[in-house]
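Structures given as structure tokens follow.
In the two complexes that follow, subunit A is the common piece, with subunit B as its partner first and subunit C second.
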Partner chain A sequence: MESTDVAIETTQLLRWIILFPLLGAILNGIILRLKSTKLAGIVATAASLAAFVASFMAVTRWGFSLEGASLVYDQWFMWFQSGKVSVPFWLEYTPISGIMLLVVTGIGSLIHIYSISYMEKEVGGYRFFTYLNLFLVAMLTLVLGSNLVTVFLGWEGVGLCSYLLIGYWFTKTENAQAGMKAFITNRIGDLGFLISIFLFLAYAGTLQIQELNHLGPQFFSALPSWVLPAALLGLFWAATGKSAQFPLYVWLPDAMAGPTPVSALIHAATMVTSGIFVIVRVWPLFASQPEVLNVVFWVGIFTAWLAALIALTQNDIKKVLAYSTVSQLGFMFTALGAGAPEAALFHVLTHAFFKALLFLGSGSVIHGMHHEQDMRKMGGLAHHMKFTHWTFVIGTAAIIGFPFTSGFFSKDLILAHALSRGMVPYALLLTAALMTAFYMLRAYSMTFMGKPRSDAADHAHESSPLMLIPLGVLSIGSLFMGWIQTPHFMGGGHLMETAVKSSWGGAEAMKPFAEHKISVGGEILMILAVVALILGVAYYSFKVYREFQSKKFISPAERAVGPTTAAPFINASQNKFFVDEAYDLIFVRPLRFLSGAFFRIVDETGINGLLHGMRKSLDFSSGILSWAHTGNVQTYAWYLAAGAAILLIFVGRVLL
Partner chain B sequence: MTALLFLLIPTVSSVLLLLFHRNRVMAQWVNLVFNFLWAAGLFKLWMEFRVQPETSVFPIWFSWDWAPFIGSRFSLAIDGLNFPLLALNVVLSLSLAFYAIGHEKLSASYLALFSFLNAASVGSLMAADAAAFYLFWELMLIPMYFLIGKWGSKNRIYASLKFFGFTMAGSLLLLGAIVYVGLNSPSLGWHDLKEQRWVFDGWFSPQALLFLGFLAAFAVKIPVWPLHTWLPDAHTEAPTGASVILAGILLKLGVYGIARWCFVLFPEASLASSTFMMGLGVVGVILGSLSAMAQKDIKRTIAYSSVAHLGFMVIGLFALREESIQGALFQNLAHGLSTGALFLIFGMIYDRTHTRELKDYGGLATKNGVLATLFLFSAMASIGLPGLPGFVGEFLVLSGSFVTNPWLTILAMSGILLGAVYMLSAMKKILYGEVSPTLEAHPVVLKWSEWMAIAPMVVLMLILGLMPQGFLKLSESAVLGMLSVFK
Partner chain C sequence: MNTEIYIVTGVVLFVLGVIGFLSRRSALIALMSLELMLNGTNLCLISFSRFHGNSEGGSLFLLIVLVAAAEAALALSILVSLYRTSGSVDLDDFRLLKG
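The block that comes next holds the complex of A and B.
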């Protein structure tokens, strides 16, 4: 560390947070390989809980606000170093890492517990729990890594686990295909991460995150003006991959091919938020670049909007939740773009609870319906699955921002920031929030209200306590987690702000936070208006879809503009606006064509053609010498040796 | 003496193995014993290498005045540049010795040729004299030619001739350069040649032509685009063991040769060709990856992936920075292990199914989960997943070359993406989906000796990926010494 005013505290606690799940993965995957999935699940859960305890100890020791300008490092070992490149494998505790640690290991443990029951019928389920533990290892490395390369190790590591878990049921080619799509789409993003790393290395000479934060904008202003924006855009590009933003979001909906606990843990609560987390880690740099933040802001808004629009018409319950996740991640990026990292991270936290709850709830439904995910075949489940139903209600309330649930606080904070950036972004984001209310109530009503629309729905059964307990815990979080960061006029907590502010090792961010410029009266008014609108839309959707019967049902769009006018929109939304098809046409097919063309034209026709041509002409002209062409390598070897000897002797005699 | 001993073990074993030409099984076990002996030799080498002062430049371990009339001494030297490759050679050879146990086709003569190949490759790695180097360099050709030509698959004759032709063409230019160099220098010893400064003023000056002569041989071996078309044929037709050694050691000798001979002897020419060679590296990365995507034959896909990976190494070498060269040398080890493992594992599958066509495969993960996991592990190591060794190599190469030439580096980075595309597509087809009729008919159940063959590679990949620092330290002073010629 260059500046001397920074106190460094060293510890060996942090490595244990990673080592416990690693031990779990090794035990399950290599040593025990238990026949009983249940036992394997217990081993994995124990590993995850141990990581939770270690995280908890870390958080109680250093808390959510590091005094003054101190840094906490676990200086584990030197990963690799050569020339200018120095990559120590150090772990670092910052308050925001503390929050993420609790989320990852806490919600992670709940999902492990849930999975014990969810996966119990699985043969060879130890593989599942190995991957799940391995995911924790990678995710915690991402959270704790002290430099961009160790973060990148975690970053690609979670990608690998995501790939393995999406394709967990690999006998179906579609699942394997979805896993591959996730991996490759993320790699497109990761190239940005690497370019960013190389730029920082070449121009700043360090990859330690806190050193970069300390160098700060002043240092970079002495460099060519494009360096810092390019490096930050590289990071953001990577974030659009991992955190499923436009244009790289396309893998996330397909990722629903994985088992539902995976969707809850990786594709909702933790991994997909790592893009936001990494940006907050280097926030002092981002804060100095308004143009970059502007890009982040608009990409966030556009994604929030587009994904919500697609979610309106999906019939697969997991697809609705997947697009909802993309949309909510868009909210978080909007907050970042508006200069409010605390709001973004706050939404990461609340979203982790209510989205994990919703996914696990849908998992409980899918489990009860014997792997049926189509909501058109559900209905009336409120009677059969009372506990699941009520927790789903809580999750839905939280995600739409029902007053005083967790989502209410975080979403209104983001909306206030959007409003201070102008009416247009605010209107767009508000529409996205209203669409959220609509599609969530649609999903809720189609699933739980009305009459059962299939035999499976008629005979659905409530899940086991092992699955319901996590639902209960997450419900409590979804209800009350919001109070840690309340609007200023309410007094209350402001934990996120404190945590975010003291996470840069005392580095000064030029503009740490954009204070939203809304007056207290205005804010109250805005909140009331938003709540009224949301509840209105929610009630409307509830009323319409409560009566959903697949045959004679008329959707609200059709009611509003008539069936024929609405059809194109419904069709486009149901087909995800043909983005996948467009990518296929623009990127995949040309690439496939190019690869074949290059191979045939350059290698086969060009180089090999030339060679064969040469050989033929040689054969023709050397017909006389063909007696020497014995085709026997030994003879050739003798020629070679003899030739070499003659050459050496001859040249030597002549010249010396 | 230890260096000579290390060279003699495979030489002697190659002769002794011929005595067992009537008893295949016996030969296979004797071969295994000799490989353990060789590993012991490596250990002794390591104990002595460890205490060698870091400042010594390519210290000579053994020297014999065998040809004073041409100013050549048979001298063997070991430093941080070649020691890791010697170790890799032993590891791969030991793996293959386990693989050979109980294999019906791998007779005494096959194993003898293999030992001979090992002797030639470690000989050219240790040679500190241009004539000795050339001798070993040529000696590698002969066993390889027979291994492909006799034990290869259907198109083996074409492949072995193509291999021979390409390599021979490169070697002749090397020979010419060595003769010229020898006549204009007090001796052919590396240390003497290093002190010579050949005139460099334009691409027809002596240094430039000599540089090109040496480079020709190494560029064919690596292979640098567009001299690569022998590789897919040779790799594909070669028997498993030859593929492993070809990818693991022979290609690496090209990289090593450039670092050891071209850079040190001809620094000005090397520097002048830097951008051009980096450009060829980039073309190799991109066209190699694209061609790998277009293949329907699994071994061909892996072979083209080698072209792409070696392209990264060429970029790293010619970026001429400490971290990039270290990266290229580390990538040597990483690629040797990961691609070696890919060829080895696929070889075991091929032994049962006798087809290399991608379309014949599917659902291996259902049939043999552990093998599928290891296959995927090797593929992930090959595409540079962080935590596995390929990442460290690629990362160091690219972070160094980014300083030298950012635009070429960015172009080369497309290889990181394309690598994931072709490798994961192949993995998806082989491992996942329904079990294919071929795999249904030919169950892939491995013997203990085959597991023993894969295990050391996998363990080493983990060690190299997570704790690469020790290996980088090994070659650090040698690389710094080498780079000092550019100052």
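The block that comes next holds the complex of A and C.
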């Protein structure tokens, strides 16, 4: 460590958090390979719970605010050393890591339990649980890594597990392709991470995150002015890939091809928030670059808006939730861009609960409907699945920001920060929040209200207790998790703020933007207005869609402006604004064309031509020579005689 | 003693054998031509031996005749079985080793 005033505490506890799931993965995937999916699930769940216990011990030991400027390291081993570059495999506890640890292992364990029941009919399900445990290993490495390379290892690891799990049912081409899409899109983002690593290594000479934080903006201001923004934008680019922001969000909706518990764990609660987490870890650097934060801010708002707009018309229940995830992630990036890492991380935490809850709830519905995901074929499920219904209500309330649920606190915090950056972003973000209320109530009403619209919906059955218990626990979290960080005038907890501020190893982060003070009365008024708006929209959506009958249903857009005016918009939204098609046109096709051209010109004509040419010339010359080999013994005798005659002539010439 | 006449006879016999081998299509005659060539060289061998005034050539000749007899018997039997399997002893009919 460069600065000597920082006290370092060493421990050996942190490695166990990673080792338990690793052990679980090895046991399940290599040693046991159990036939019974249930048993494999129990092994995996035990591993996950052990990691949770270890995480819990770590959190109780160091808490959410490290005193003064002490650093907690698990100095595990030296990973590699080459010249001036040394990359130790050290794990580090920071308060924000503590929060992430609890989320990853806690919600992870719940989802493991849920999966035991959800995957019970699966043959060879041990593969699934191996991947789940492996995902925990990677995610925990990402959370605990003390330098960018270790974090990158986890970063790639979660990407790999995501790919494996999206394509878990790989016999369907569609699923396999979704997996590849996720993997490739993430690779495009990872390039940014690598560039960032190289820049930091080249200019700062260290990759230890806390050392970078300590070097701080003063150090980088002595360097060429593009270095720090470039490195940070690289990190942000990587985050848009992993955390599904525009323009790299396209993989996340397709990732819903994976089993639903995976969608809940990886593509809603944990992995997709890692981009935000990494940015918060190096926040002192980000805070010194308002221009970079502006980019983050607007990308976040745009994504929140676009994804919400798409979610309005989707009919697949998981697709709605997927776009909602993209939208909520946009909220988090907006908070980052507004200079409020604590608000972003707070939303990460609350979102992890209610989105995992919603996904597991939808999984319960899908399970009860025998793998039907189309909401148009659902309806009236409230009677058949009472428990699932109520947990879904709680999840929906939390995500739209119903007063005093967890989403209410985190979303209002973000909205308040957006307001301090101006009216326009605030209005945009508020619209996105209103759209959230609309599409969530739409999904809720279409699924649970009205009359059953298919046989499957008519005969849907409630899921097993093993699936309902996690739903219950997550409901409690979704309801009450918000109280750990409340608005200032409520005088409640400020856990997030203290946790975030003591996570930089004693380094200070400047305020990137001028503080915008709002009076307490104004704040209360604003919150009341927002709540009223949200509830109004929610009620309208509920009212409209509870009468949903696929045949004669008129959507609100059609009601407002007439069917012909609304049709293009509905069509565009249903087709996801043709972003996939645009990418296909701009990137995929030219690439395919280029690779096709290279294939024909370089490979077929050039390399193959050379090789085939060699073969052909040999063929040709040997063809000529083989003409002499008639196979007739007398021809050979002729050659012999002729040879002898020539020899005789020569010998005669020499001798005589 | 004048050995030239014997050597010339041996060469003439050899050349006759070569011409016979190269020109006739019947395997049997080709075989006979081969024998002719062999005996032409044998005659030369004895003549040279005589020319040098020792008897090694003569004894070698006896050995060669012996082996040649065995070889001729072998060649004839191959010819017979060739005829039995393919019904022909025409050399032009056997081109299995064509490249």
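The rule is short, and it goes like this: the second predicted complex is superposed on the first by the 595 of 656 C-alpha atoms of A that agree within 3 Å, B and C clash if a C-alpha of one lies under 4 Å from a C-alpha of the other, contacts with A are read in each partner's own complex, and residues count from 1 in each chain.
As a working rule, a contact is a pair of C-beta atoms (placed from the backbone, for glycine too) under 8 Å apart; a residue touches a chain by one contact, two chains touch by 3 or more.
Given the structure is predicted, the values throughout are model-derived calculations rather than measurements.
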| item | value |
| --- | --- |
| Which of subunit B and subunit C A:Ile31 touches, first, second, both or neither | neither |
| Which superposed partner A:Phe198 touches (first subunit B, second subunit C, both, neither) | first |
| In the superposition, subunit B vs subunit C on subunit A residues touched | B |
| Partner chain in contact with A:Leu611 - subunit B first, subunit C second, else both or neither | first |
| Which of subunit B and subunit C A:Ala582 touches, first, second, both or neither | neither |
| Touching both subunit B and subunit C, residues of subunit A | 633, 637 |
| Complex interface listing, subunit A residues touching subunit C | 625-634, 637-638, 641 |
| Complex contact set, residues of subunit C against subunit A | 18, 21-22, 25, 30, 91-92, 94-99 |
| Residue numbers on subunit A that touch subunit B, as the complex places them | 77-85, 124, 127, 149, 152-153, 155-157, 160, 167, 170-173, 175-177, 180, 183-184, 187-188, 190-191, 194-195, 197-199, 201-202, 591-592, 594-596, 598-600, 602-603, 606-608, 611, 615, 633, 636-637, 640, 644, 647-648, 651-652, 655-656 |
| Touch list for subunit B against partner subunit A, complex | 69-70, 138, 142, 145-146, 149, 162, 164-165, 168, 175, 179, 183, 226, 229, 232, 287, 290-291, 293-295, 321-323, 326-327, 363, 365-366, 369, 380, 385-387, 392, 395-396, 398-400, 402-403, 406, 409-410, 413-414, 416-417, 420-421, 424-425, 428, 431-434, 466-469, 472, 476 |
